[in-house]
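In what comes next, chain A is part of two complexes: it sits with chain B in the first one and with chain C in the second one.
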Partner chain A sequence: MNNLLEQFLSEARDFLQGIGEKLMQLENDPDSTELMVELFRFVHTLKGNSGLFDFPEMTRVLHASEDLMDAVRNGRVNYSQTLADQLLEAMDFVGSLMDEIEVTGKIGSNHLVISTELTKALRALLDTPDAVNVPVAIEVYTEDALTVKGISWSELPIMDLPETIAMGLHRCSIDGETVLWLQYTPEPECFFKGEDPFFLARQIPDVAWRHVILNNSASTLAEMDVFSSQLVFQLLTIAPETELDDLLRYVPDQIHRVKIPALAFVKPSGSSTDQAIDDDVIDSVLALFDNDEIDALIHTINTMLELSSPELWSSSALRWVLHLIDAEPDNKPAQRILLEAFRTQTAPDWSVLTPPIVPQHKTVSAPIHVNTSEIPDTLLRDFNVVINTQKEILSLPATSSGAWSAGRLKAVGATLIGCYRAVQRPHEIEGIEAALNIALTQNSPVPLLGWLETSLANTQELIFKGEPEPVVASLAAQPEVKFGRRTDDARGENAVAASKTLKVDQDKIDRLMNLIGEMVVAKNALPYLANRAETVFGVRELSREIKAQYAVINRVAEEMQDTIMQVRMMPVSFIFQRFPRMVRDISRKLGKEVELVLEGDATEADKNIIEALSDPLIHIVRNSLDHGLEMPEARLAAGKSVTGKLHIRASQESDRVLIEIIDDGKGINPEVIKHKAYEKGLIDEATLERISDQDAVNLVFAAGFSTADVISDLSGRGVGMDVVRSAVEKVNGTVGIESVAGKGTRLFMSLPLSMAVTNVMIIESNKQIFGVPMDLVVETVRVPRVQIRTIKQKQTTVLRGRIVPLLSLNDLLARNEAQLPNEDDEFATLIVRVHGEHVGILVDDFRETVDIILKPMTGILGGLPGYSGAALLGDGSVLMVLNPRELI
Partner chain B sequence: MAIEYKKSLAVFSDFVGVEDAEALLEWLGKNPKGKVNFEECTHIHASSLQVLMAVKPPVVAWPKDENLQLWLKVALE
Partner chain C sequence: MKHILVIDDAATVRLYHRNILEKAGYSVDEAINGIEALEKSLVKSYDLYIVDVNMPKLDGYGFLKEFRRQEDVVQSPAIMVTTESGNHDKILGYAAGANLYMTKPTKPNELLSYVRLLLGEVAE
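Here is the complex of A and B:
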């Protein structure tokens, strides 16, 4: 991925975020022009940026959004809830495209349909006149849609195909391939955009038949405008539609395509003769057919073919009968219709075969231009240009001589007559002539001008309503408008540029942090060195100097470490900011009314922590909305306010971040939880009886627990709270829940501020040293051998009135050695808290505690359970850090 | 030059771009009996194609490129 794209993606995400926020704010303050203008600027810049890349689907949707926002900004369209919904949906789509770009570097063509629908929906909100004419993108007529679109069989755009091609296509169609008829009408200005429609047309694969039409409006060669496309390409192809979508993704609005049903190809052609086949011959053939004597029928037809000239229509029809019998032996009705067609010598009428296909409107003049007026766009445009020029001429002040020359009036009159003839309005000519005569007698342009204006007002259909808007921003198209808008941008971008933030790739920060970590370790080697200088080499002076230097380096290193931690700190608002939108969407979907209160979103924590927090939090909020808060009626019945309250609060407590999610919903009923857990086999009967209410509530964290009976797309899949717990524990956090039935639920998470430095205790076992994270260590005790009791072959001891199970570290690590006691026959015991229970781990000896930079193990070692990572010690040795949670 | 203009013959070669259209139109205007040779041509820009379609000059040789030949034949015959 190149730098430009990377930057685009990172900026675009900010813009999307900004757009979402602004829309949220607009909900509360729909009249704020300031917000509106800002919102427009975001969308506009995002669209502009996307135009730099090859993402037509994205640009198209953004373009439509921009137009919509422009209309809202200018007060042409009112801001509404549906509008916000539609825009948010569009932005979600853009966001999903960005995800795809980030992964694959491009957008698949499968998004075309959604992009088209979104664009249409956005355009639909713009009910201003100039927006109506934005071309509808692809129209796919399928066989079934024929009725809906009101196209009859005869109007299908099948040209007079050569018989062999038609037969081939018919067979392809029978074999299940889709035969598509494509008409590609490039927009006239396309050459200025660097497009080559002919090249594009040539790229279309599997073309069975092709045709090019030139709609040249110029009468002489010299007048021809070579730089305005006047071509129309038509073709039949059996290429897969996805391939075509991909190929034609830039010009979907210039493509008209129709899926051709197989029978439409069955169309005998040739010269008809007066000597139609005798009725009795037809009768006998039909008799053979009805009696299912197919072999005899084929024989008869072959004989008939031999006797007649192959160019005749009837011969062609006979060949088609043979083809049909061969290709569709079971389609008797079709064969019969074809045979019946001999009587009339006209094309078979397939519509009887498919009753729903009844021609509904017969006024479609040209089958090709199903959705355009009968006057081609190019002609209409030219007509308007000429008419407008004539209007300008007529509005000119009189010549210096003080009078209008008759010649000028006559010229205008002749031009107008010519124009109206060209657009097939000959009945207007009389009017022009009459007006011209009056004008000539009065020697004034007013009568002609008057006629022209009334005429134009009466013939709205002749007014050209603008070209299809270019999808990709084109400088050549509308320079003046662009310049106007650019200044808008410049103002907006200055505002952005004023902020002093620097965007740095996270990898660089991580690398910097690693380097500082290494320096901290290297620095820790200095005291060892000082020690060696004194004890091994006996130079006390040097030792002191090294220690002095160490103090300085230590101070700098610690400050550096502190600073890099600050850099990595992110406010929790990073995750909080998505909640307003999420809560709004979900509560609407559920029909609940929810007020969301966010507190302490400036609280900061390490980026990794914040990111790790994001998914669990979303899960919890969804749970609260789905299960916690009640429906408005239920709330009223319970004597609460209709609107439920959801509090999300972040705060800092010494070196930990505390996050609470509090709702005033129905709370958790411990009885229900107990029984559910029992039903699911998570607890046994004895536990069911004696479990406390608080413990019962905590059961929601058990794996596979779900109270919802119906699985919705929000929650209830039984993966939820246990996933939340493991995600939080992964970053050394804890999670808990408190609930009062009927009053509400409080869920709290406590997470370390930073994961960079880990405080570990070094212990010794079997002549090796290991680290144990200090936050798990409850205490260290020495247990005399006599106090160790064996219960059911498990070693235990009693510590302050509690039974604590004891495990030997050597056993846990599968070392076949007994732990070594000290001189007083006491075992060094590390009491750790694992899953809320205290467990004693017997080790050989305790050492000091150190701050280390814990590196998770990678590669083959990464799969090793029981270790959370490794770290370098000051003397250069490697310390393996145990993970007691997995070990036990 | 993708189009070489001889006395009464325009020889197309390689890729005929958008910039060739105007000159082609002019030449065909001046030489109404001019013929065209597409033999060595691989592609003709749509702008030149529409000029050719408007005039339909006699074709001395069709392009070797099969796809182009198919299209040119339907356009110019």
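Here is the complex of A and C:
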């Protein structure tokens, strides 16, 4: 993937995110024009970006979205829920395309249908058909123009159109629409390629007329190969060519298309009779025409029409005359040809029609001169475009263009100088400069314009004579010009385009972190070295210097570590931002009304923690929506407001992040939980009797517990809160629940800010050292042998009035050795908290606690659940860190 | 070497133009909106400006209008680049001080051809 595409994808995701957020905000504040403008800008920019690549499916949908948002922004279409849904769906589609591009680098061909449907749906919301379709340039196809394009009148497809359609298309043509004739001949084998010619043919938009013919090479029905396509589709459309290009991009070789000039539609049809119109009558009609007595002419034609049968060719021709007079009143030559055609009763021959009708909007009447200079055609064309543009700029009336500032004049001057230099006419520059100086003193564009016109007249060889550029400058009646449209976006939420952030590959950060970790370890070797210098080599001074140097390195290393931690910190908004949309979708699906309140989304935590948090949190929110909050009727009956409240709150408590999910729903009924747990065999009868309500509520975290009676689409898919608990515990977090029946539920998760540095206690057992994460260690005690009792073959002791089961580490690790007591016959015991229970682990001895960088084990060792990982110690030895949760 | 300032809020478009222009041997600076463009253009003089229309804070029209009002700067040509093609928009841009309009996405050859013309460079 090239860097441009990468950049596009990364930026586009930001935009999609931004679009989603804005839509959410709009739901609460549908009248905010500010939001609307922002939203439009996002969609607009995204569309613009996608246009850089060949992703027509994506661009098409975005284009329709942009048009829709434009209409909303301008108040032509009202913002509505359906509209938001449609837009969100479109953005989801775009997102899925991006996923595909990210993986494969391109868009598969299977999205055309959805893309077209979405586009159609979006366009349908633009219910006001764009009536204000200002014709840009009237392109007249004369015989000349046709010849230039390699088509002559005789080659035009023969169309037998109904008269009304032909008249309609003729008028479209006159109004500036391009009418295209398409002939689509599917490959004979197309059916075997999974193509659907009918579908494609029906996809073509704005079709005025179509029909299908059989391209059967003279065979009987019996000989016909029914598995090969012999169809030819012919149709006339006024759809923009770009749209057709998109649609037909897979079958370009099967398409023949011709631009149909307006007059080609003027073709009377009907039955000829020998009862031709008298030459006298024709002469008198022509006389009326030549004398420009149009009213009398129309009157005469109407009378003739009344007298003749409407099916006749001549009647049709008469109707065409009326049509032509109406549609193209100034095109006298064409009208005359049509009238002349009465004599022969044959179709009018437009090829004799010269000269062309000159479009009135042309600003440049390009005299035809042969280009004798050596300047390439393309350069000459571009030169003409730029020069004509400057001419247009200089002709702008001062009223509608704002004041003529010196800067604008200078810029035009600079542009002209550049252009003349580029076409190797440097001697013109003096003239431009002189004209510019006069213009500047007069503060008027006229001197420059005068120079330019004179110069153009004198340098005919610089005028491009190829295809005329449709330069249009209808300057009259321009509305008042407004400048510098500012959108007030000082607030941070509009930071999508403005934030000065650097996007760095996560791998690079991880690598940097590993290196810093290694350095921290390497640094720890210095105290050992100092020690050796003194004890082994007996150089005390050196030892002291090493220690001094160590202090410096230590400080820098710690700062580096802090900084890299900061880099890895992410705000929880990263996961919070998806909730508005999710809650909205789910609550709508369930028919519940929910108000979501997000708090503290600026709270930061390590990226790994944030990522680990994401899935459990989604699960919990789904649960709350599905099981916690009641239906509106039930809420009313319980005397609560119809709208349920869901709070998601993040806060920092010393070195931990606390996430709370609070709903004011029906809460958890401990009785129901108890019985459910009993039915599922999670607790025995005795427990059922004496379990406290809080403990009962905690049972929802037990493995295999799910209270949902019906497995719905949203939650209760066999995974329950136990999955949440294990996910949270994996990152050394804890999870808890409090609930008051009828009032609501509070679920909280406490997670470390960072997982990068782990504080472990080093213990010794069987002449080996191990680490135990400190956040699991409740306390360390020495238990005298006499206080260890054996109950049901299990060792236990009573500690501060609690019975604590004791396990020997050697047994847990399957080492067949007894733990060693100290000289007072006491066993070193580590009390750890596992699944809310206190358990004592007997070891040989305690050592110090250290901060280490815990590396999870990989490969075969990764399958050992008893260890959470390994770390390097300062002296270079490896410390295995135990995972008591799995071990016990 | 000629200096060109590309002003666009979309990083993708900026990169796209940068790639084209740098390959052709120009030095390219970027600005993400009209305000930043003004700041940059007042301290360094560029030989050409490529200006997007729709930008936050200060749009392309606003930038050009303001820039063209400055007395002591070199008034280099400006190409306005936008997806909003249409007569009305063009007039707005020209009145603000643009010298040429191009529609997005710009075709590399076309862009370079116009850039060379505006910079007065003779094609090889």
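The rule is simple: the second predicted complex is superposed on the first by the 496 of 888 C-alpha atoms of A that agree within 3 Å, B and C clash if a C-alpha of one lies under 4 Å from a C-alpha of the other, contacts with A are read in each partner's own complex, and residues count from 1 in each chain.
Assume contacts are C-beta pairs under 8 Å (C-beta built on N, C-alpha and C of every residue); 3 or more make two chains touch, one makes a residue touch a chain.
Please read all numbers here as calculations on a predicted model, not as lab measurements.
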Where does A:525 make contact in the superposed view: on chain B (first), on chain C (second), on both, or on neither?
neither
Of the two partner chains, chain B (first) and chain C (second), which one does A:406 touch, if any: first, second, both, or neither?
second
More chain A residues touched by chain B or by chain C?
C
Mind working out whether A:386 is in touch with chain B, chain C, both or neither, as first, second, both or neither?
second
Look at A:850 in the shared chain and tell me whether it touches chain B only, chain C only, both, or neither; answer first, second, both or neither.
neither
On the A-aligned overlay, A:121 touches which partner chain: chain B = first, chain C = second, or both, or neither?
neither
In the overlaid three-chain picture, which partner chain does A:419 touch, first (chain B) or second (chain C), both, or neither?
second
Within the complex, which stretch of chain A touches chain B?
186, 191, 196-199, 201-202, 207, 210-212, 214, 216, 221-222, 224, 226-227, 229-231
Of all residues in chain B, which touch chain A in the complex?
18, 21-22, 25, 28-29, 43-51, 53-55, 67-68, 70-71, 74-75
Chain C residues touching chain A in their complex are 9-13, 15-16, 19, 32-34, 54-59, 61-62, 65-71, 73-78, 83, 87-88, 91-92, 94-97, 99-101, 104-105, 110, 113-114, 116-123
Report the residues of chain A in contact with chain C in the complex, numbered from low to high.
3-4, 7-8, 11-12, 41, 44-45, 47-49, 51-52, 134, 136, 376, 378-379, 382-383, 385-386, 389-390, 392-393, 396, 400-402, 405-408, 410-415, 417-424, 472, 474-475, 478, 481, 483-487, 489, 494, 497-498
